[in-house]
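Let me begin by handing over the structure; questions about it come next.
Naming follows writing order (A, B, C and D), and every chain is counted from residue 1.
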Amino acid sequence: MPETIDCNTMTRMLRGAAAEIREQHEMLSRLDSVGGDGDHGTTMLRAMANLEKAIDASAAPGLKPLLYDVGWAILGVDGGATGPLLGTLFMSMSEALEGKDAPNPAEMAAAFEAGLAGVQAQTKAQVGDKTMIDALVPAVAALRTSVNGGSDIVDALRRAAEAAEQGAAATRELQARFGRARNIKEKSIGTQDPGATSVSLMFKGFWKGAETHA
Amino acid sequence: MPETIDCNTMTRMLRGAAAEIREQHEMLSRLDSVGGDGDHGTTMLRAMANLEKAIDASAAPGLKPLLYDVGWAILGVDGGATGPLLGTLFMSMSEALEGKDAPNPAEMAAAFEAGLAGVQAQTKAQVGDKTMIDALVPAVAALRTSVNGGSDIVDALRRAAEAAEQGAAATRELQARFGRARNIKEKSIGTQDPGATSVSLMFKGFWKGAETHA
Amino acid sequence: MAMKKLINDPANLVPELLEGFALANAGKVALQGSNLVVRTSPKSKDKVALVTLGGSGHEPALSGFVGEGMLDISVPGEIFAAPGPPRVIEALRLANREAGVLLIVLNHAGDIMSAKIAMDMAKKEGLNVKQVLTHEDISSGSRENPDDRRGLVGCLAVIKAAGAAAEQGHSLDECLAIAERMERNMATLAVAVSGATHPCTGDVIAEIPEDVMVVGMGQHGEAGGGTQSLKTADETADIMLPVLLEDIQAKPGDELLVMLNGVGSTTLMELYLVLRRIKQILEGKGITLARSLVGEYLTVQEMGGFQMCVARLDEELKALWDAPSNAPALTVK
Amino acid sequence: MAMKKLINDPANLVPELLEGFALANAGKVALQGSNLVVRTSPKSKDKVALVTLGGSGHEPALSGFVGEGMLDISVPGEIFAAPGPPRVIEALRLANREAGVLLIVLNHAGDIMSAKIAMDMAKKEGLNVKQVLTHEDISSGSRENPDDRRGLVGCLAVIKAAGAAAEQGHSLDECLAIAERMERNMATLAVAVSGATHPCTGDVIAEIPEDVMVVGMGQHGEAGGGTQSLKTADETADIMLPVLLEDIQAKPGDELLVMLNGVGSTTLMELYLVLRRIKQILEGKGITLARSLVGEYLTVQEMGGFQMCVARLDEELKALWDAPSNAPALTVK
């Protein structure tokens, strides 16, 4: 296992996320149809298609431009809340990687933290509000903790994915306070948040992708 | 039984027609819903309401103005084909009664013939085309034959009503060549024509009305 | 599904909707006499007046076509039922003028009968009225039997052309000739995909099975044509347009007006797809899509489907089509 | 009932419908760049430009509001989905000018996020852009929590007023102030009586039981309010209007604009009945129905129901409302 993350690893991670989403997109739409407009799976599919197209087309080598292109491509998805938030995640990660062509695990954790901060600049949603934030925050926190504790990147991503999954699962008991689902108020309780589920699937994909490469 | 028809008799006849229609309006709409737009019963109800209003309001005494007012009132019904045709029937009868305040049965038959001619000036439909003409033509013919044979007005109207009923019944086997029902072509076969049925009901009402008065 | 309409007492439906219509277009139209729809600023008396009649329930038609550059008076009937002759003659008397009155009649049994009786009376009274009949529905009769052809949304083009001509000071005979030319030049075909309910009776107007569409259905759900499986937008245009082009014998180099009239619940979105395909087909044939109009002009309550109307334009008809109008349903600057 | 729509491949739905929309309104609007809807005759560069963004499937909104006197550019998204920030910033760059650009954003999660990211970029790039948010749906939040209020058909009045002001040469700050005043002055409530289907997925957008209506339903079928038995037109107006009047604190002597926006299959006929009742209620309160607009402006496919929007007008807003426009969906002479 290399000490730094290169373009190849990141590409595997991103493709891993796309693979997980593609497998589960129908479930994602079903979740969204309870309190939202039922398009979350379709939107995520388009986001992942754009992501892969961006990877394939990305001319500039280097993590920073790769993540910029991926983020911009996901922003380009006409997808309601998802495109802007997930696109911002990658755009902000890209910004944080200024001058870091081969980040070590700590630098990678910092990039994810910057990504989260970028997302949080776009939405006031907090943990507990039943949004993708409920998966993203614990995932990034677990990544940081593992890295600080000496984990390698694969192990840290595994822990992040587990934390994201738990965070997503916990949204089932919550009432939505952001997004379309907030309109159905207490009726949103009992269904897992689609956006949080997507984030959890993407972290699983990051982990699996990094693992196959290792 | 008087030898001439006065306003009172005519009023009874007209009210008799209204009573028959009112009793059967749902059936008339049902017939119209097969090949037409299902409004014939409603239209006839409105026509009969206007007819009775015209009788009540008719200031000028005399058959001619009475039938004019009734015809004009029926013309005033927004009712597709029915209003113009039935309104014209009475308007033309009125015209034919110029100078005849108390027509005898033969003059009455002539007035009905003039009414039929007025209707026929409005439509090219012939007997056999599955329209109200299929009831009107035999009714007027029977009226003339009976009167010529010496029947009094009640008896002549009874025969006219019977002829109208037979004419209407015969439309069941015909294919509509006029009105909305012509659009469904051979599918119109098997349903009695609503307009012919109305005419048959009205002649029954003329007869019953004349009879109660007698 | 039972009827779900926001109405009050069905017996008052038409007067109430006319009251609301006049309110919604205050400053343009008003009610006069026995619920005739007239312009608030009448056309000058030295110009030909245009009058039409027809059942209600097809909003915005026909009263939505009253306005500068289009109609002077419309005589709205009951729901789906022609107005009786007394109100038609009332309108003709009101419109009467030396320049003359053009009565536009859509070919439906009730309308032509009311018009005939009113025209007979008008002639007796010495009014200067002429009539044009619109009958462009190719599903209900051949060009050789025009009496059988129903009048659908094509009336709009006839009213627009003749209305503009009248506004420009053309004589009654000229307006009539223009109206008749537009009428001869055009053809309409309707497709229905879902039914509607009669707002007064609650009766289903057209019962159309799932996955089925009906090409050639009349304005009130009268069946008239081909029941077939539901098609895509492109396929539907491919079926409908060629027969219309054949009917008007469109040739390469021709310039066409195409109107796509949504009849109720079919979306503009769908109509735009159909127009896109029409343009492709016409291009393939060397025919020009010179003008188009897409929207809801003559509806049948909440029915799903649309009417496709094509009309060959010459230079004069094109200019008349482009002329200004302030009618509620068709404002042209 | 399964979906019965005349469409082609759902994946191409939006580009195809935009192509047809531009064809249907050739001479007024055109597509530019990545399917931005622009005017064919652009506004002079010394005047403020207006840009908006929003999901498709609501035709004629929002692109139907592009035209002289209203919008300069609309950025249409996918069906019911906001366009992403890249096309929004593309539009802002295209509209950019010294006089400035006003971005009108309807309050829906996706739209405000796309707008925020694009605005952040615009600021970094030194573009002179300001934003106004429309959020007038009283069912989804109180006046104290305007963030919760969705943007419904009221955007039309904001675009109309600010668009007219821009055309008259007002500065960006003045246009913004006018837009914000109109926005503050207005309130909207929706009622739904029947559902619709998503044209791409075929999913039912809102399932509304027979004999039931839902007051306060969002633009995409999100439930938001009171499920109750279906009412008459008058009763429905009696339920909806008073809460709207209370929200804008309408007082005797006020002059109101009332918009009744059919969302799909509800007929003009029904909307006219509702307007009639509104006039009666307002008269009873000494409030003037100064202006009205009845029609389909922001639809939700074939959904049944309508949005009622009331806005208090002052003399300036009235004049701006009356100002000319040649937008496809709202031609004003």
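We take it that contacts are C-beta pairs under 8 Å (C-beta built on N, C-alpha and C of every residue); 3 or more make two chains touch, one makes a residue touch a chain.
For clarity, every value in this text was computed on a predicted model and none was experimentally measured.
Student: Looking at CA centres, what chain is most distant from chain A?
Tutor: Computed centres place B farthest from chain A.
Student: Chain A to chain D: how many Å between their CA centres?
Tutor: Taking the average C-alpha coordinate of chain A and of chain D, the gap between them is 33 Å.
Student: Averaging over Cα atoms per chain, report the distance between chain A and chain C in Å.
Tutor: Spacing between the chain centres: roughly 55 Å.
Student: State, to the nearest whole Å, the distance from the C-alpha centre of chain A to the C-alpha centre of chain B.
Tutor: Here the centre of chain B sits 80 Å away from the centre of chain A.
Student: Any chance you could list the residues of chain C touching two or more other chains?
Tutor: none
Student: Viewed as a graph of touching chains, is the assembly arranged as a line, ring, star, complete set, or other?
Tutor: line
Student: Which pairs of chains touch each other in this structure?
Tutor: Result of the pairwise touch check is A-D, B-C, C-D.
Student: In the complex of these two chains, what residues of chain B are touching chain C?
Tutor: My answer: residues 29, 33, 35-39, 42-43, 46, 72, 74-85, 87-88, 122-123, 178-180, 183-184, 187.
Student: Under the definition above, what is the set of chain C residues touching chain D in their complex?
Tutor: Chain C reaches chain D through residues 1-2, 4-8, 13, 16-21, 23-24, 26, 56-57, 59-60, 191, 193-194, 199, 210-211, 213, 230-234, 236, 260, 264-276, 279, 289, 292-294, 296, 299, 301-302, 304, 324, 326, 331-333.
Student: Mind pulling up the chain D residues that touch chain A in the complex?
Tutor: It comes out as residues 14, 55, 77-78, 80-87, 108-110, 113-114, 116-117, 140, 148, 198, 200-201, 203, 205, 218, 220-224.
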